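Two complexes come next, and they have one chain in common, chain A, joined by chain B in the first and chain C in the second.
Moving on to the complex of A and B:
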């Protein structure tokens, strides 16, 4: 067993254990940092595999993303600081069964499928080849991803904005009544003051 | 560090992610399950690139595309969480009963 193998096994254990603990910790903020740890372990495995650019990009991307995630966790956290035990799950047995089934099927594919053994040549410069691909033959795909991200930004602003140009963003989103002129279907409205504005502080 | 070991690790991450996405009630925790699934997918893509695809550049490009998918999923997911919270004041999936019969 070489050093790279030993490092790989350590990183694999870190990735799996921290990924598992994400759903077992009591604090959502801790959960987001555990997920960050899992991603960093996977990024380090990518570095071991020689994908230098992708591994480092994953580090940076996940560091920023998990900071945003932690912020959202604080916003939506029902259990500050993890002081109380938290176990907010539904259909746990179905979920565990589905997770185990997915793992078994994919692991069987990994073990029994005959994949070609064709390692990357040691003389390959992965960063240079990726850059030539991104701005060469596959530029259309790369640019499409950029346009998709732009559309995402616009959609995020539209979705999360409190008030649109023509009034509150949830106007018209109430379901119609079950009979003509009936109250909207679904759960009864919350108090009107919450959506009436006045607490925005701008 | 064989291809099978890497793919089993990816399968474990995807399995844990499926469990989280199906079992968590809170929207944000549910999205962490989706993130773990994408984590496993990216690892599998890089493993195939390095050990089975002979280092063709399209393999790395695929991983970049998956990363873009992850960014889109995070951003739109959080935006929808905010929109749902604005409209209904709920932050758990069980409270969304609009389509329930």
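Moving on to the complex of A and C:
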């Protein structure tokens, strides 16, 4: 067993164990960052395979993505800070069935597929060839996906901008009532806020 | 490998250890020069404070996420060291001459956001948590500005390898060729090490932010890690904008270290003289002014490279 083999096995164990812990932990923040750890191990395996750009790109993409995901989950689930214990598994029977089925399919592909044996030339520059692929033959797909993602991002910014769902978000706003014509939900308006937002006393 | 790898690794750790110490020394000198209050001893004061912190009691909060809380300073320091691994100290002296060195530095910045967040989140206390959220809100704009600026320096080099970025500056340094780049990058540096005016994560108005609840060796390690990030950042700036090891008469290694110290001194001076903005105003400023300037820098670099 070479050093590269040993590194691969260690990384594979990290990726699998942290991926498993995602479902066993009780906090959204921990689940997000365990998933990040799993992806980092996979990115390092890609580096071992010589994918110098894709492996490292996985690090920063997943870092930002998991950070944003953790933040959004904490914001939308009423669990301040995500530190309260919380079950991370939903519809466990369906999920276990789907997980086992996907595992069997992927394992069958790994065992029975005929993988091509043409090794890459040693002079291959992975960054350059990836760039030629993305801006050459695959340009239409790549650019369509890029524009769709950009539109999504602008949509998210608009939705979360100052003119929020329940009125301007930077002047203090109140959610609508729980039934038609009911009083606004949430805590009653405080006197301090009514008298100009001054912060008195301790 | 062998001796080829030994020299860069020794240089890396020597620069990291000496750099962390010099950050504290420089900062003390700048502070007392600006305020006019003479300090007792600039060179011994950081060591004295470090030793004092080392011997202090390490207090803990109620039900922290102990693993993440302890790990965060170490991982932040490790990220700084990892970022420095792709920096060439001289022509052949580089620990890991990755063909995607600039992307690796981008990953360091992105992962630093996660680590700073975890440091504040895992303490299970109010002020650290506020500091953590505040950093995440701002961190995204730092990463974007930094990426545009760094893609700008990769264009004339036609490579993401930092060695080639240095070599592309043989005729003209990037600080002159892309005048917007270095100023933007220095602002990002203050932001990512949350230093001086851009110290929003550990700011005084949050009673110390993510570090509000840490004491003793933990605080010492957190301070060391933040200083190390500032050092790593200066090394990246020196290599990508100030021509790295290029220079007459002196050996390349000496030039590189001198330029790095120059950037470090500039960062520490900026950290003391710039006024501190309110975090929400700075967020608007970063997206409305700095990010378009970074775009402009990229367009400029592209037109120049054509």
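Odds and ends about this structure:
Operating definition for what follows: the second predicted complex is superposed on the first by the 133 of 202 C-alpha atoms of A that agree within 3 Å, B and C clash if a C-alpha of one lies under 4 Å from a C-alpha of the other, contacts with A are read in each partner's own complex, and residues count from 1 in each chain.
Please note the rule applied: a residue touches a chain if its C-beta (ideal position, glycine included) is under 8 Å from a C-beta of that chain, and two chains touch if they have at least 3 such contacts.
Remember, predicted model here, so these are calculated numbers, not experimental data.
For chain A, the partner that touches more of its residues is B, with chain B and chain C as the two candidates. Once the two complexes are laid over each other on the shared chain, residue contacts for A:57 go to chain B and to chain C alike. By the touch criterion defined above, A:8 lies against chain B but remains apart from chain C after alignment on the C-alpha atoms of chain A. Contacts of A:119 after superposition on the shared chain: chain B is touched, whereas chain C is not.
When the two complexes are overlaid on their common chain A, residue A:90 makes contact with chain B while staying clear of chain C. Overlap of the chain B and chain C interfaces on chain A: residues 53, 57, 68, 126. Chain B contributes residues 1, 3-20, 22-29, 32-33, 35-36, 39, 42-43, 46-55, 57-58, 60-61, 63-65, 67-68, 70-72, 74-76, 78-83, 85-89, 91-94, 97-98 to its touches with chain A in the complex. Across the complex, chain A meets chain C through its residues 29-30, 33, 36, 52-53, 56-57, 59-60, 63-64, 66-68, 70-71, 81-83, 125-127. On chain A, the positions that touch chain B within their shared complex are 4-5, 8, 12, 15-16, 19-20, 22-23, 28, 31-32, 35, 38-39, 42, 45-46, 48-51, 53-54, 57-58, 61, 65, 68-69, 72-73, 76, 78, 88-92, 94-96, 98-100, 102-103, 106-107, 109-111, 115-121, 124, 126, 129-130, 132-134, 138, 141-142, 145, 148-149, 152-153, 155-156, 159-160, 162, 169-170, 173, 175, 186-187, 190, 194-195. The residues of chain C lying in touch with chain A in their complex are 65, 68, 98-100, 103-104, 106-107, 109-111, 113-114, 117-118, 121, 124, 129, 133, 136, 139-140, 143, 159-160.
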